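Below are two complexes that have subunit A in common, paired first with subunit B and then with subunit C.
Entry: the complex of A and B
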């Protein structure tokens, strides 16, 4: 029974946490791709920027949360989302819009976004330093231990407070986004523009508005993903950057340009990572007696060592590109 | 008669290639004006300039007496200037019906908060739009394929969908870019009937680029002949067909 709890803690919960963060990041990447047709590499640093805004605001008003009983960082999140959305729109106006107006190829936009990445990283390090800082400035990170009502279940299921918030916020984001894309005219206009920009404009859709709305959504979601990640771990200037690859893998696995695909892809990549580094010996050990004598379980039965976790998204990416190049949900391109 | 579209001394060059050369035309309100000319005469470019997909290097474009030269295509749409495309455009990932429902402007769904907090209002407006889209799809004879993805429709059906799109909103002027190309004869008869009805009953003005002379002869008066980026001659179809200059340029010297 304790082995099962171990499995839940290390795979189900850990996978959901990683998956949620990848999913929220991948939605932004995929939306930007479907509207502007380029891979936005600066997305991870927009996540960092969002988390950094939360850190600044939380440091400035550390007591704001205790009054209501939620972590201050969470109260500052909406404000950070607005700031990150503004940054995203600003970056677009300053760097991407002139490129678009010039009619450059998508690859030039991609290189441009790499430039933005380096710039944002530099700027954030300039102000935040290079070390890690906790987003829990004035509060304490609650850890919930849920005991199981079973005979012999001594180990509890462990969920931390930010992880619970992460699940709730992820579900809220997905529902709100689905409503937005399917119900609102602006959301439909986004779908229309990703389908056929020329016709969209000839149907009275203001493409500049759609581009701005896309950046607002992508920026807001990036702030959420970055903040929740930093809440779960700790704020570091390069933390989100290392998620860039898995996030792109998630977007491609789900089908580029397909928001629901991005969500599915996020969880696929997230769970694949945690399952790959999980030590299966733990689950198999209780059955040791029923195995033949010559079969002795090695003490570490993980598919890959934790230090090689980063290869998992790579592997999934290659596999998907070989077997199902349009992604799980049929994406637009690739 | 008052002109609804005025193109005044417009020029447009792509690189060194001068496509539209000091071109001026007028389209009368309530007319079905035809535009013909040999390949490369600048018909489609002039269309794109009027619709706002391109901006002229110099000159002015007026809609109903109002200067629209600098307006983007979507703003011109909201002023009642609609177009179809030479190669039919559609939202391939949406059904034929959804394609039509994309068009009508100013729905409650456009306002974000209404979407989340006033679903009733949004649904009523959506029902209204759906009703109209169903009427239109009957009108253009696509009822049986209304739930197919538009990307899977035949070329001719996509053309009908293009015409249907122009009927979803109250247009003043509709620019039809080779609407007959790739449409079979029976369908073409319907199409022309629909254009005539829209012109007569709804007061639409049409500007039509067409290679199908039969269609031009049946629908259009007057007809503008474009050659080398400017107007060669303008008049009724009979005058045009008798004009030796036109026969030379358009039908080739052998036809004369």
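Entry: the complex of A and C
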């Protein structure tokens, strides 16, 4: 039983945590892809920027959360979302809009977004230094240990407070996004534009508004994902390079331009990562007696070491590009 | 047909006869800048800078044929450079008797053979449907076989490499001249490029950028963590030079000789690329870049040509990485940074002029001088701000120096966006002949 608890802690919970973060990030990437038709490389740095805003606000008002009983960082999250959304719209106005006006190829936009990535990274590092910092400035990270009502299960299931918030916020985001895309006028206009920009414009949809709304949503979601990630571990200015590949892999697995696909893709990539670094020997050890004598299991049965975690999203990306380049849910943009 | 050729031949000659004023002015400015650096920083330092700039010029030439000739964006130059550096290290470092004198090479070879056998078995399993096995069952068998065999081989490999690490340190080198390593480095990089290009080049161009970004990080992670092969973070030094080293001739002279060697390499590459660019092959590549559909309609095999040029660019990057690694005389996997080895090269190419070899070399040298000089400049500016701030009563963070260097990230990012916005063709634009 202890082995099973170990599995739940290390795979089910850890996988859902990374999966949710990748999913929220991938939604933003896929929305930008479907409206503006380019891979937005600066997305991971917008996530870092959102987390950094939360860090700044939390450091400025460390006691704000204790009044209500939630971590201060979460109170500051909406504000950080607004700031990141503003940043996203501003970046679009300053850097991407002129390029779009020239009618450049999408790949030039990609290079432009790499330039923006470096600028954001430089700014964040200039102000935040290069070390890691915890978002829990004034308050303490709660850890819940749930014992199991079974015979022989001594190890508890461990969930931390930010992980619980993360699950709640992820579900809320997904529901809100689904409602927005399916029910609201703007959401429908967005879907129309992603299907056929010319037709959408001809039928009276203001494409400039749609572009701005896309950036607001993408920026807000990026701030959420970045903050939740930094709450779970710590805030580091160089988070972005390790996020970029999994997020793009998630978006492509789900089918580019397909928000629900991105959510599924995020969880696929997140679980694949945790399953790949999990040491399977732990699960097989209880059955060691029933194996034939010549079969001696090595002590390390993980597929890849944790230092090679980045191989997993890449492998998934390659596999999906080879066998099903449209993604699992038949994305539109190829 | 005949009068058509007659009508555009004269225009060709007028284009060719244009006096290259822009080129002359820019290169004169560059010469002045180089002389200025010599006057300020001394001969040894400046010669080192020039050699490094020359190595970067090889990398930039590799990128300019991918981006400038064919419109493919490689966001993982760093990975190919690291491969070249690794190969230069592996071939030129002296032989390690603590490894080769034992049974360990045999063990390692046996595991690698098992790995090969496993690959063959899995590939065989994917062909099972030709013998009447249902496709679903075949996929299942292949996947299970792949997982199990992979686990077996990887555990054996972990055992052997752990043994190598604890008993011999690392495998050491082959003790061959460095140029063998450079060539093999180019071949390795070309092989990786073939793998990536084969998967991505038929798809949207964005996917290539994502995939190259990923493979670069993977190559770096592999080189950093394979202590048995590269000594990982412990780094390997010194790497022998193909030319007389500083201990025999002094810094300036030995670096100058190395510089002439790199200059010869660049000249050869430049000449070959120049010929290729003006050959029918080069025209075909540009036709594909400018209008894929019409090139395909003319019967050109687009994906094959794209793969060719992508692999060619990667080979040049591997070669340049090898030359750079040997010159640094130190193999440090952690020293390969996306900023220094991917984005700096990108700035060189888009600033100098994508598709114009001369412009690319100009961009490489100019940007590298700016990059090297920006380090003392950034520190100076930060110091100035610090003294001003202290007089105004601010408390300053202690790690000011490292933060000043971070400002260079910002500047590189800004350069990329500004150049794309205001000079999308670079300082020396590609010289496209107008054919009426």
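As a convention for this text, the second predicted complex is superposed on the first by the 334 of 334 C-alpha atoms of A that agree within 3 Å, B and C clash if a C-alpha of one lies under 4 Å from a C-alpha of the other, contacts with A are read in each partner's own complex, and residues count from 1 in each chain.
Here is the rule we use: a contact is a pair of C-beta atoms (placed from the backbone, for glycine too) under 8 Å apart; a residue touches a chain by one contact, two chains touch by 3 or more.
Remember, it's a predicted structure, so these values are computed and weren't measured experimentally.
Student: Fit or clash for subunit B plus subunit C once both are placed on subunit A?
Tutor: In the superposition, subunit B and subunit C stay clear of each other.
Student: Now for A:181: first (subunit B), second (subunit C), both, or neither, which partner does it touch?
Tutor: neither
Student: I'd like to know which partner A:70 touches here: subunit B for first, subunit C for second, both or neither.
Tutor: After superposing on A, A:70 lies clear of both subunit B and subunit C.
Student: For A:158, is the partner it touches subunit B (first), subunit C (second), both, or none of the two (neither)?
Tutor: After superposition on chain A, A:158 lies in contact with neither partner.
Student: Specify the angle subtended at the CA centre of subunit A by the CA centres of subunit B and subunit C, expressed in degrees to the nearest 10.
Tutor: 90
Student: Can A:12 be said to touch subunit B (first), subunit C (second), both, or neither?
Tutor: In the superposition, A:12 contacts neither subunit B nor subunit C.
Student: Quick check on the superposed pair: does A:325 touch subunit B, subunit C, both, or neither? Answer first, second, both or neither.
Tutor: A:325: touches subunit C, not subunit B.
Student: Given the touch rule stated above, what does A:123 touch, subunit B (first), subunit C (second), both, or neither?
Tutor: second
Student: Quick one: is A:104 in contact with subunit B, with subunit C, with both, or with neither? Answer first, second, both or neither.
Tutor: second
Student: Mind telling me which of the two, subunit B or subunit C, contacts the most residues of subunit A?
Tutor: Counted on subunit A, the partner with more touching residues turns out to be C.
Student: Between subunit B and subunit C, what minimal C-alpha to C-alpha distance in angstrom results from the superposition?
Tutor: Minimum over all C-alpha pairs of subunit B and subunit C: 14 Å.
Student: On subunit A, what residues does subunit B touch that subunit C touches as well?
Tutor: Touching subunit B in the first complex and subunit C in the second, no residue of subunit A appears in both lists.
Student: Which part of subunit A faces subunit B closely enough to touch in the complex?
Tutor: Result: residues 176, 179-180, 183-189, 191-192, 195-196, 198-207 of subunit A touch subunit B.
Student: For a test of understanding, state which residues of subunit A touch subunit C in their complex under the given definition.
Tutor: 38-39, 41, 95, 98-99, 102, 104-108, 110-112, 114-123, 125-126, 129-130, 241, 244-245, 248, 252, 298, 300-301, 303, 305, 307-308, 310-311, 313-314, 317-318, 321-322, 325, 333-334
Student: Note which residues of subunit C are touching subunit A in the complex, please.
Tutor: 71, 73, 75, 150-151, 154-155, 158-159, 199-200, 203-207, 209-211, 213-215, 217-218, 221-222, 224-225, 338-339, 343, 346, 350, 397, 399, 402-403, 406-417, 420-421, 424
Student: Considering the complex alone, what residue numbers of subunit B touch subunit A?
Tutor: Answer in residue numbers: 51, 53, 72-75, 77-78, 82-83, 85, 89-94, 102-103, 105, 107, 109-112, 114-116, 119, 122, 165, 169.
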